[in-house]
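The structure follows.
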Amino acid sequence: MRDIIHVTVWNEYRHEKTNKKIAKLYPDGMHGTIAKYLEAQPGMAVHTATLDEPEHGLTEEALNSTDVLIWWGHMAHGEVSDSIVDRIHARVLDGMGLIVLHSAHFSKIFKKLMGTTCNLKWREIGEKERLWVVEHGHPIVDGIGEYIEIENTEMYGERFDIPQPDTLVFISWFAGGEVFRSGCCYHRGRGKVFYFRPGHETLPIYHHEDVLRVISNAVRWAAPVNGPEPLYGNVKPLEKV
Amino acid sequence: MRDIIHVTVWNEYRHEKTNKKIAKLYPDGMHGTIAKYLEAQPGMAVHTATLDEPEHGLTEEALNSTDVLIWWGHMAHGEVSDSIVDRIHARVLDGMGLIVLHSAHFSKIFKKLMGTTCNLKWREIGEKERLWVVEHGHPIVDGIGEYIEIENTEMYGERFDIPQPDTLVFISWFAGGEVFRSGCCYHRGRGKVFYFRPGHETLPIYHHEDVLRVISNAVRWAAPVNGPEPLYGNVKPLEKV
Amino acid sequence: MRDIIHVTVWNEYRHEKTNKKIAKLYPDGMHGTIAKYLEAQPGMAVHTATLDEPEHGLTEEALNSTDVLIWWGHMAHGEVSDSIVDRIHARVLDGMGLIVLHSAHFSKIFKKLMGTTCNLKWREIGEKERLWVVEHGHPIVDGIGEYIEIENTEMYGERFDIPQPDTLVFISWFAGGEVFRSGCCYHRGRGKVFYFRPGHETLPIYHHEDVLRVISNAVRWAAPVNGPEPLYGNVKPLEKV
Amino acid sequence: MRDIIHVTVWNEYRHEKTNKKIAKLYPDGMHGTIAKYLEAQPGMAVHTATLDEPEHGLTEEALNSTDVLIWWGHMAHGEVSDSIVDRIHARVLDGMGLIVLHSAHFSKIFKKLMGTTCNLKWREIGEKERLWVVEHGHPIVDGIGEYIEIENTEMYGERFDIPQPDTLVFISWFAGGEVFRSGCCYHRGRGKVFYFRPGHETLPIYHHEDVLRVISNAVRWAAPVNGPEPLYGNVKPLEKV
């Protein structure tokens, strides 16, 4: 366990700069809103990074000092450099936690880690969502009730083309008739990955107390552990053969 | 693989004998309706058994010649003898498949195999259910579309107090706002267990083509395999120590 | 997260009282040795309980104030009262962590939670064991190397008749030619269960630094979370139907 | 279920052409030996393909008519064209089974599907391996005993950098002191993937009856199922919102 968890909140930060309604909801960007909440939690040091910074704000140095990376992207997944994606991928496998939010299901880094298309159904009519907790002893639902209700949201529906999660924590119900695996935990390499569905640029979802609480819990769950660094390659026998 | 799969459809068979509406829906009992469908499938030999038969119709001989047991119970779980439950339990761990339907979530055998309360939420107002397929390459969904729709059903809602399934195949959406893990696969011992939610005594759900198709697929999936019979207990070393 | 984790180390405490060699290894019982280590860890309040105390030391009050229960048993599994087992079972499903050590694979509480026989192969010739970490980002292996080596131990071999773990953390290698799933994590109800193989009454295994470290990590992992307490039973719809 | 399963056995087929010892063991290539065994099984139509054929023998047409692809590669992973890998990847996600043998853990297609490095330890001194069955009711171990023994083999050791398998079927013991997850089942998209460790170019492992039996069982397990073809993208609500 770390005394201080270093969190980097990454956002492509485009919608907020081009759409006034979105800018009003998130004057400092969605990353700013999330970062502000996390900064108020004990034991977290919070940084932000965005697409248009040099190296997307994710230099070797920045990533090496990040314990947990939070990722929001949507309209500009294709602009994220493959070499930076490889860098993030290597860091996750080496232990950095990764929290993938909402439309980042289609981010290069999530698809690369999952090995599948990560495709899904979607609809944008502002319907109701209810995220039901199905693993109520999991640290990610600390302080959460039986469900989280979001009055107006974009719908994501199954089939969600992901590997079966190591642990499935939330399942969403949508007014329009669909369901969705909304909170999915994975071990990948020495790192931990959490996909969390809520969040949409045109809606105040990152001001929702429960959504922020889950993100904060997920940061603690995904924080690196001082587990073994495996040796790979040719090895000598440990026993006489 | 067996040439012929011997299926026993077990039903407590009480509702059908005491309620005219139910008797009309299932004149030969729910077990009779399910058995009739399965008999029409290639490679299945189908038997039935009910609570009020001697040993509930589940003698040592009957169980030993059963490859897959289908279980429906509701109002009389408590009347199932513990010693028969132990016998079924031993047979499952030795390889017999078990398909647990609807209200049998509270059967003694399912609770014993799961190790949890198997409790859930329920409501009986005849609302709509839609079972979404979330693992679309699984043999249990052969021939099934993206979802199964049941116009009027009893609702079962999360938290469903079961161990996380080895494979989760269906998630239900309910009009009243809940979700449910409706198709759950487990390995237990050398046996396979499938919990499948649909089915209610007062509704014609076991006349639904897709529901019957899933049960039939599940029989094939759960059929015993000629895997190793493990040795347990004190053993000699396989290598010089 | 709790400020203080209340741990109860339970031991049947019979071998130590009847065998001088064992008594010399564990003058305060195996529970005493484990408790002493845990007491030295930050944030843990440690209690002990043993079979021959009234209610096995596990009164309602004692269990209700226990966050994580550690269980060691071997020769007297059958003497543990079924009603106390039911009480522990209910507490685990309500959130209490449970750490099951070594020969407690055959304890009533573990078998009840697993739903299987929990049978295995065994051999007592003091051979070498090497526990390999296979999930190196898991909190239970914090501070542990690629493997834990135990020079002389009793062997446990597959087939271990348990449900597939939610997360498999350790796999053991034995000199005599067997392997074993030695570190197994489960969610059951709102509680978490960890089975950990090492430990034998005639060997100083609970003086092994790495073994103690894993137990201590497991206590933190298994500590209760303030997740939702589910409502079960008949519920009204959340939506207009 | 298909009446006939169309299997394509793919091999990079280089070692056999350049090394006389290997050529003697596998005069028709390792693919030839495996294909010959499978051809003798009921209900299989077997094809082969190799690296040096046009499009590596894996044209759109060839892949579209393949139900299960078996993959062996080692020294020439890098020569497999990325566009062919993408084609295979798409076919697996659409339902084609994939069986990945031995050194193909480092093939492009396996790494792409897993999302991890798939790295491991290895040693080539011809030591003994014993593959223990840990899920003895799985169809892949039909007809297999408690373990498969291979007298002389290359060692692969943990940490094997893969996602936790959906189902772990085999764990290997090695004389030199390591263990390995040797039989790993995954659902990916609508396809099924099985990694199976045995097999080495300089050893007669693909003449081992049990190894061949497992491959044959895996073909049946991985064969496509007529499950739903999901709709992705923007959808209309199924309910009035």
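To keep things simple, chains are lettered A, B, C and D as they appear, and every chain counts its residues starting from 1.
The criterion applied here is as follows: a contact is a pair of C-beta atoms (placed from the backbone, for glycine too) under 8 Å apart; a residue touches a chain by one contact, two chains touch by 3 or more.
The shown structure was predicted, so the numbers you read here are calculated from the model rather than taken from an experiment.
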Mind listing the chains that sit against chain A and also against chain D? B, C
Chain B and chain A - chains in contact with each: C, D
Going by C-alpha centroids, which chain is farthest from chain C? Tell me that one. D
Chain C onto chain D, rotation angle from CA fit, given as a multiple of 5 degrees: 180
For the copies chain B and chain C, give the interface type as same if over half of its residue numbers appear on both sides, and as different if under half do. same
Counting in whole Å, what is the centre-to-centre distance of chain C and chain D, each centre being its mean C-alpha position? 37
Roughly how far is chain B from chain D, going centre to centre by Cα mean, in whole Å? 32
If a residue has to touch 2 or more other chains to count, which residues of chain A qualify? 130, 133, 135-136, 146, 157-159, 164, 166-167, 175, 177-178, 187, 189, 228, 230-231, 238-239
Inside the complex, what are the residues of chain D that reach chain B? 1, 95, 128, 130, 133, 135-139, 141-146, 166-167, 175, 187, 189-192, 220, 224-231, 238-239
The chain A residues in contact with chain B across the complex are 130, 132-136, 146, 157-160, 164, 167-168, 171-174, 177-179, 181
Per the contact definition, I'd like the list of chain C residues that touch chain B in the complex. 93, 112-117, 119-123, 125, 127, 155, 157-159, 161, 163-164, 166, 175-178, 186-189, 228, 230-239, 241
